[in-house]
Amino acid sequence: MIQLSKNYLNTLSVWRRDFHRYPEPGWLEFRTTAKIADQLEAWGYTVHVGQELVVGERMGLPNQKEMASFFERAKDLGANEKWLEKMAGGYTGALAVLETGKPGPTVLFRIDIDALPILETTNDKHIPQRLDFRSLNEGYMHACGHDSHATIGLGLAEQMMQHRNKLTGTIKILFQPAEEGVRGAAALVESELLNDIDYLFALHIGTGVEKGVFVAGTDGFLATSKYDVTFEGVAAHAGAFPEQGKNALLASAQAALALQALPPHSDGSSRVNVGTLHAGAGRNIIAANAKMQLELRGETTEINAFYEQQMRNILEGIATMYDIKVHYEKVGSAVSVPSDRQLAEKLAQVTKALNIPTIDYQYFNAGSEDATFLMEKVQKSGGLATYSIIGTNLAAGHHNECFDIEEDDMLPAIEAWLNMLVSLCEEDMK
Amino acid sequence: MIQLSKNYLNTLSVWRRDFHRYPEPGWLEFRTTAKIADQLEAWGYTVHVGQELVVGERMGLPNQKEMASFFERAKDLGANEKWLEKMAGGYTGALAVLETGKPGPTVLFRIDIDALPILETTNDKHIPQRLDFRSLNEGYMHACGHDSHATIGLGLAEQMMQHRNKLTGTIKILFQPAEEGVRGAAALVESELLNDIDYLFALHIGTGVEKGVFVAGTDGFLATSKYDVTFEGVAAHAGAFPEQGKNALLASAQAALALQALPPHSDGSSRVNVGTLHAGAGRNIIAANAKMQLELRGETTEINAFYEQQMRNILEGIATMYDIKVHYEKVGSAVSVPSDRQLAEKLAQVTKALNIPTIDYQYFNAGSEDATFLMEKVQKSGGLATYSIIGTNLAAGHHNECFDIEEDDMLPAIEAWLNMLVSLCEEDMK
Amino acid sequence: MIQLSKNYLNTLSVWRRDFHRYPEPGWLEFRTTAKIADQLEAWGYTVHVGQELVVGERMGLPNQKEMASFFERAKDLGANEKWLEKMAGGYTGALAVLETGKPGPTVLFRIDIDALPILETTNDKHIPQRLDFRSLNEGYMHACGHDSHATIGLGLAEQMMQHRNKLTGTIKILFQPAEEGVRGAAALVESELLNDIDYLFALHIGTGVEKGVFVAGTDGFLATSKYDVTFEGVAAHAGAFPEQGKNALLASAQAALALQALPPHSDGSSRVNVGTLHAGAGRNIIAANAKMQLELRGETTEINAFYEQQMRNILEGIATMYDIKVHYEKVGSAVSVPSDRQLAEKLAQVTKALNIPTIDYQYFNAGSEDATFLMEKVQKSGGLATYSIIGTNLAAGHHNECFDIEEDDMLPAIEAWLNMLVSLCEEDMK
Amino acid sequence: MIQLSKNYLNTLSVWRRDFHRYPEPGWLEFRTTAKIADQLEAWGYTVHVGQELVVGERMGLPNQKEMASFFERAKDLGANEKWLEKMAGGYTGALAVLETGKPGPTVLFRIDIDALPILETTNDKHIPQRLDFRSLNEGYMHACGHDSHATIGLGLAEQMMQHRNKLTGTIKILFQPAEEGVRGAAALVESELLNDIDYLFALHIGTGVEKGVFVAGTDGFLATSKYDVTFEGVAAHAGAFPEQGKNALLASAQAALALQALPPHSDGSSRVNVGTLHAGAGRNIIAANAKMQLELRGETTEINAFYEQQMRNILEGIATMYDIKVHYEKVGSAVSVPSDRQLAEKLAQVTKALNIPTIDYQYFNAGSEDATFLMEKVQKSGGLATYSIIGTNLAAGHHNECFDIEEDDMLPAIEAWLNMLVSLCEEDMK
């Protein structure tokens, strides 16, 4: 087994703190991508950035103003123009490809790299604050650990090149944009660059697993769809001409009730949540506009699809009821896919051999993940996929302003994947 | 002026008590019509019964079983088969026509003759009970005074023949079916028998006017539409397969809320009422069916039409929302038409000359009346119409199980109309 | 092992068809109970009927009229007055007790005996119709197999006496009333006659298990509560004085929406269903009254209790919102209790030894059962309980008008219980 | 009659354009008040500013930040510190008192002085833009003509001093703050400075009356109440623990529906409008908070009070239904009071004598006005009150960003009031 030196943590820490200092939200990871791509190219990888990778429709794309602002910021921070050019318009993310030239498996490691629109705490107990790598991008924060994911990806890439002689086949590392809100994977999954994968590995740090423990395979991601809904009616003076209005506030209230009153599903658990509702322009005006953010979840992809159909019925019906326009847009989506137990067990053998405390397989009630789109693609084409968790001590829960990981837990993740890869190259288990 | 003898009240009383004893609801006035038609024919009128009179679609038609039951009852009570034949299928009501052969106006008097599905009281203070002319048709009752209207119509018809020499032109008396629920007039109004009317007179007894007072013209009838709505979804076991149901109970509940939440109208007052709602077959079943009875009203015909359009939007939208079938049927309708002040004043002159205490014109908040369809037709073709009230002491409110009128108040109504008619024949005011 | 002769099926068939012919719904099993009690007494059991058994509040009690009607019918059918006297007022059900006089376990077998308000089919394919034992109690039917349950109970009782010498301790057979709607068990569970049970056995025929297969233990009954809700507002003329009404129809519609929109529960599945809603007296009246039948279910008793609390909040809030009176009454209830695996395995060993195809333990999504109240009581006092299923070919689903079982499947159920009992008496496994 | 020179318009125009250039919304009229108070004092009036005038609770008070910002702005603009001190905390508005020392009536003229939070147009057709007196307070605008009202008040004050010898009794001119949103009058009405008024005059420019026409008395202001409602529930992760949330979004949606579904009132027209609704913090969070702005209106004060009671019922019921906190605060209020016809006719005689085209009395469907609180107080203590309209050509409707009046229409308003005052002083008509 290949063991990494503890000193390598210094390298990882520098990378991770740099990513942490410059958090960028989904579709705006200009500087993050450029930095990663520079490194990968320097190490000898073929690097794909832009529209050959991001081939599908992008959900939840930020508006023009934000787009321009983050793009300029990246430029100001010295991001390589070569990559920026390819990313213009929000085509962020990178794919590193290593063609070994030897026959062997095609393996894909998937990493997510985006940050969240959360204002990072300035509390002195918060290590990024104390050690001065708190977000410099006020109002945005790596509060889900994707800075450490990006670091793990870079570490793996560097180590792979150190052990290149042990590798066969084609190895790819995907630095995926826009995982938050489950927006990115669906736009990449159809890229030909991601075809014919034999083995797919994805992971997350934290999510409630004990420090240092490696969960080799997981199940329990809920299929989900996120929608933004707008209702457009007609304003009228509520006192003078109430009958002239087409009331978008009432329409959205009725829609919210109907959505929340959808029945449970006998095939498994489900969730419907209208999380936000904003309607109306003034007290004495029949509200002409309303906006709603909602999400649907299902224990299976089919259950989720059932609720999508119900939602469409409700929204189209509401439009007729109130004679208003209703527009809904999918801004995020993930399917429900379990890890392959076979691959998880293989990975667990590796981590056990590395003396990493290991749980072979675990059912998580862990929300949703768009890596499932890639897992589904791989499984459908006959490959195997597993989603792992590496435990750490969290300073606060995911998406909390005080969230922080412990950096030493990045090391075993790289060791696990690196040795797994070598093992697969040695003996193609399929 | 022609004054009627107080003794004539005996004749009227006999008729009225007979009608009261055999109440028949709308479209089922078989015996009532036959009895009236026999009299009219005996006095020399041309009498029209059946489909030459009832030419349009009939709203709120009773079901086959009720139809058969009332038809048989009328036969058993000795109703003239000649008329029964013409009324088979519910084509009730009669029109008496007197062609004087002299040039003169065409005048129409309109009378309604139907009863209500109300169980008459057996309280001894109730005069029909005490004097033994309580309803013999258990569960039905003349609780709105149409028995006295029918009597006034017959009295007028008899008196007209007594004073035939004073009449000119063409005089018609319409004994209209199904006024309750505002169902009948719309089915008759297109009859050619009711074309080219110069003067139309209609009246009601009671409705809050002081005993003996005659209100010559009124305004304030609300336009209205009555609808029956059915929702047809899909049943499912609520525990085992809730997602397989299409919930008609929820659909109807949401429709009810949306209907009641329709805005007021700046052009005048309005009413929306979902009066009944019946849904579901069992506690543990997703309800597959729901029924709703509702009514809309508007101070003008246009306002009422506005709510009809809103209702259609709501019901069609609900069908889409819940993926169910929604069917709505208009079962009653009336428009809003004011009396012509010119004609009301002419009539008021007559009643004042008869020493009947008179109010020329009054705005009533008096619900709805389908005589308005006839008034509208007459006015549109250049004629004049007025709707009068003859006050009486009511034993209880209209539609109450203890409702009763005082019979002597029928006399001045006949006198008023008879003298008005003579006056019109003498000098055509138009 | 004791094997029963196939001929014994003739006896069972006679009993079962008699029960089938005279179905009686919950709390009205006068004739059924009397017939059972006569037999039990004849065989030498001490028989308890009436208020020493039915000690608690009875949910979902029928009205006086139904009560009197079924009581008279039972009398007319020759039910023993001795038992009828004790059951007057609806205290139906019987407990047979056999004190062996030898030290040994206290064992309870629980049987349910009530029928359903379903009109039995007259289709000739339906065996009870063809063989002339269709319900003589028009509108009621044994459509859930409780006629065969009662028969199995009687069969067990008779066989126990045949093998009395092998028995020790105290053996009880409970013929429980009013299982449908989960109403009966809660009223009996506190009876001292049911204290200190070491082993409790209950069963159901059918419910989707393959013919002849015996499922020794089950889990998955949902806790449930059934409620009847009444809303009492104030009527008003919808056109004339809408503001004077207190609208019970709207209140109930909004309550239904709020109930259906209750959130799912993260601890397990749940169900809320407003199954029926009846509101209003007339189209043009603000509805003064509404009634609602609803049920709540939860995968655990705690989840169900969560929804009960939410329901109370909603209904009490609605009362305030609409300034009306809301009354809710629990008319059925069951808890969620799994079979003890230890006892199920013991029973499975017995059935396997009898060559009955056996499934040791199965999770059913099988609705609700009030035997769970008794199971809970037994488990809380240190005893063991198991709920079994005996498979059969069903002519149609439970509660269907064409429902029928195959009578030969009653025999292995009796054999299983009889041998299990003997085995427990031989060696008290606790 | 006293006629004012056309040249006086130049003076008025300067004042009005100054007010227009520095619009201040309700409770923040620091500079406006100071400027008015300086003038009044210079002319010899006793001027009351601050808490002796604003004695009651102030509805719809702006927040601290706005308060500080407008206060500082006024200071920067050179507002007299003497008045600013008294107004600190938002006690704006001024009362001018002239004690003539001669016996005579106590007369009050009421003027409103606040602006609106509307961004004034920069369109060149807009005269304030073209002539360079557009709002310098970006985002605020005199879009309802209160700049001209303040000017009319000042003009009246100056002219009164010119004709002081003709005056008797006590004359007061109230420059009332915060009329927009009907917030101010209720806070002043209890001031002892406003007791014992014999005659009260208020007016508005515009509101649809033809240019130059004076409407001496009006009726039709709707009673109204404005409320801000907050709902405070409990947040929870919508996917992980939906049952832990207390859903303020759903609660507010149900409340909105219930409010909009309140019945019409048979005593007169009414309005209910939930104009804005803002709920929730994120798509995947059970919404913990919601805010709602609503208004109620009634043709009479009693009708409005009926809806207030219904609203309280609904909001308190919703709190119970969803187990959340609901808080509602009245942020605006006006009653419905007609002008006294007697006084209106007196005023009409004066304007007719001045050759001002006059309508004696008109029913307006003119929204709400908090001058009605003062009118009510005066009428209750035996005085007379009338609310007048002076017509003008409006460039756009009230509250529109292009609103503008024609300045020459201010002159006849001053003439009307001045001559009316002189007339009252000459002969006390009461």
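Think of it as A, B, C and D in the order they're written, each chain with its own count starting at 1.
In the analysis below, a residue touches a chain if its C-beta (ideal position, glycine included) is under 8 Å from a C-beta of that chain, and two chains touch if they have at least 3 such contacts.
In this text the structure is predicted, and so the values were computed from the model without any measurement.
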By Cα centroid distance, the chain farthest from chain B is A
Name the chain pair with more contacting C-beta pairs, choosing from A-D and A-C. A-D
Expressed in whole Å, how far the mean CA point of chain A lies from that of chain B is 69
Distance-wise, how many Å sit between the C-alpha centres of chain A and chain C, to the nearest whole number? 51
For chain A, give me the residues that contact two or more of the other chains. 240, 242, 247, 250, 254, 257, 260-261, 263-264, 266, 271, 286, 365
Spell out the part of chain D that touches chain C in their complex, as residue ranges. 240-245, 247, 250, 254, 257-258, 261, 263-267, 286, 306, 313-314, 316-323
Listed in rising order, chain C residues that touch chain A in their complex are 257, 260-261, 263-264, 266, 269-271, 365
Complex contact set, residues of chain C against chain B: 222, 224, 226, 238-240, 242, 247, 249-250, 252-254, 256-257, 260, 271, 273-287, 290, 293-295, 297, 365, 367-368
